């Protein structure tokens, strides 16, 4: 960052309860800072084990300037390494996914085993130490079948979340899901404008009529609370409704932020689908639809929405200061059979139509934020989750 | 600006009678300075009242990073507001033109009346003051039916121009025209290269043979003056030939610059058209073709060419340091009927073909100006108007 | 350069035997420095006299922000001038090649003769001195029919090369070739990644199976040397096998770097073609295929590969910090007749397929070099030529 002091001033001048100043969405310096302090530090959803069922399978997880190889090694473990040859820096894997016996760089044929160790490099002279030239590893953690990676030297801990939510993961069968669809939405706006959009439902009624017909969360806090009371009376078990708010500025020191909460759908709605009808088999150990859906978040950019019969994953990644992508993942129980238990177009309908609408909304937001006349505006009573994000974000930027 | 001193030096080093140094066309710092000191200050043609005939009609006027809503309010007055929601900054109007009862932001449904006052915002808490959250207004002035806007807090005055040219506006019927065509030409060059091109007719003979067959202005000063003498003898009234040179560095302190002058067409030419033939009904109070055409300029980027039977408006706007647009507007008297009094293709022919040629010329100019070997060159005797612009431009940049 | 000291530190920190730090491939400051210190100084292949056979013929040679007119003047001499009008800087020639009596600027019709002298400029006033407003010249040297230009005020000398290689040029008939094909390959990577790729054959075996079936240079140094011994015994004359290593950091002070060397093809191969078969008439004074091919280099970005029956020219030019072009030229003896002595598709096959493969390789290299995890890697025993380039490059950047 060229001007640390200027950033500090901006952060100190932030007015609580308001949106951010323009430069947070436009400055290349701030963007570079974010990449280092957030995207090279926090845990990010990389994908799902069903993408690499066999030893030797791999896929690439890419954002900003990074490409990370996620693979299954000979011990059947999931591994992650930076896709950069230690010789002259070429990408080693050039296909987005594949199956290999070893990772051989297409440029000069340096070859690495499935654990990233350099196993062959021609004509390197006698003083060359292969053991010092393995691929740079990334940290991997599995949450059920979800693969998270961290590029930090010393990642935040996921221990508290894993203990806290063990029963939840078990109930919804996090280890017994499969990924049935992934879709990438390109958004011509700074990643935070996309993330802030995801974090509040103040816009749901004006912008997402499909969502608003299913979810009580689109309603005002008063009306939402009435639905919550109704739902709590009707719903089946304590584990499904107990919130775990350890997200953003509420996270413990040294622990990655996370959140779990369960919210009511509107009356008679069973799933996130047209008419609220079931669209797949019940997940995990569930035995009935209870009329709710769960929000689950791990780290700052990975979000999940768990219906009783399917789960949607949301991941926000920057590609430049002015562009980002939103990847959406659809999961069903691994016993569900396509065209018998679920139809793909019905399964993805709600969050495809909703994300497409958000693409437009977020770009319109960006256009106005770029104006010299834009000033931070006051947040509403339905933007408190976003406020937690902003507090954490500014804190994170100002940390050494 | 990162280096005010460097800019000052560049300005001080400017050699009168020469073109500008390269960096004035390439520097992002200088561009940012121009946006603030010129485009957020001077009066700019936004459009014409015939674009918003009814209460509730609006259109967007956009340049650089700004979008301005021009609309007709309930009192039938033309208003202008920045198209940026006071909540989180979204663009409010996303269509280029339309008709609305109120301006409702598509993001969170904040709603503003036709005068920009915030009239509805859900769930904002008790301490929220709607009266402090109206849309940011822009200043509007009408010159006949032409709509000019200024983004300045305290705009320059148009009083002197309006007094000076009252008879002229009346003669040509500025209040009785309609816009019949608008066309946008994108030019991959700094806006000043396009403006300078418009400001001199030294290039007319080599580059615009269509124009040169009609206008005496394409000739050398000597020959032009002979035509001027002939025209003055033949022409009908003093009001049409009296120049008002208050443009650029000739403008009074606190007054917006403007210019009016009338020039001869070549012998027997009546209008700016193929063969110089009439192409519409006589404008305003005119009763005959007098073989001349008028140049009219308001502020630094809005120019008009008034033939006896139609008027062309020219507006230059930056989109980035390396790109600009030229918008051309064609006006006829509001009583003229299409395909009876005028045919659109014949009406627009001359300035469409001329502007297309200029697009190429200006881009070739840019390519050469980008070279490390480019040096400011000496201006000819036909580039004196451009010289006034350059003097004003450098003065304006160096002002506090 | 914003931070000369930072660049100096980077250069001082360079670890011999390793690839460059990331910023050398990404920094706009360093790129600007390279343009000034290398591309505006060293000799670059501009083209071939067969492109301008007649007086008045010209073609444009363009890179980065420069456009240079290469033409044949009235004395039948090859000349080079910057394609920038001395008036307001327009490009004068807008077609890539053509035939003219004089260079007349399309903007304001200033006219220059075939030696760049200003011969006509209208209405410039009495104090205007045409003799001070000619086109900016560039230095031209012919190597046989090859046209080299230098934009330096005082170019490096080519004397030593011309003396050293006079017999070589004569043997291969450098003055008796014609250009039969030119092709431009756009590469989305910094120009040095493309140049480094050309400079080493460590990647030939993994990446270029077509090349590796013909050239011994793709083999390890040990095996290559065995072929060299065999070839020297079999080959015909001393002039063809004597190396002249005066390239990069081996060049004399004040002299442009150059190199000539002859290498064995694999056994029974005669030319760079499918199956190593002849693809044209023998060049110059050659009377037989001797199973070798020659490498010839002039200055930092122009390379030639001389087979017994055709020559390929390679030229690397930057277009921006992140993009470059590789121009490939194919030459045959001027007596060779198409479809009788040579077929174009067979002639260009090897280096077209090889260059296309390199396009991909180099872009993959760039992607990895952009990663925050990229670190300079150790060079192999087959990357010594590249090492000479890196030494020269860093020396050149650090010179005043």
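Every chain is named by a letter (A, B and C) in the order it is written, and numbering of its residues begins at 1.
One rule holds in what follows: a contact is a pair of C-beta atoms (placed from the backbone, for glycine too) under 8 Å apart; a residue touches a chain by one contact, two chains touch by 3 or more.
Just so you know, these numbers come straight off a predicted model, no measurement behind them.
With angles rounded to a multiple of 5, the C-alpha fit of subunit B against subunit C returns 120 degrees of rotation. Because subunit A and subunit C carry the same sequence, their contact can be compared by residue number, and under half of the numbers here are used by both.
Between the Cα centres of subunit A and subunit C there is a gap of 48 Å. Among the residues of subunit A, none is found touching two or more other chains.
Listing the residues of subunit A that touch subunit C in their complex gives 35-36, 40, 65-67, 82-92, 94, 105-109, 121-125, 128, 133, 136. Here subunit C touches subunit A in the complex through residues 19, 196, 202-203, 205-207, 220-221, 360-361, 364-365, 367-375, 377-382, going by the rule given at the top.
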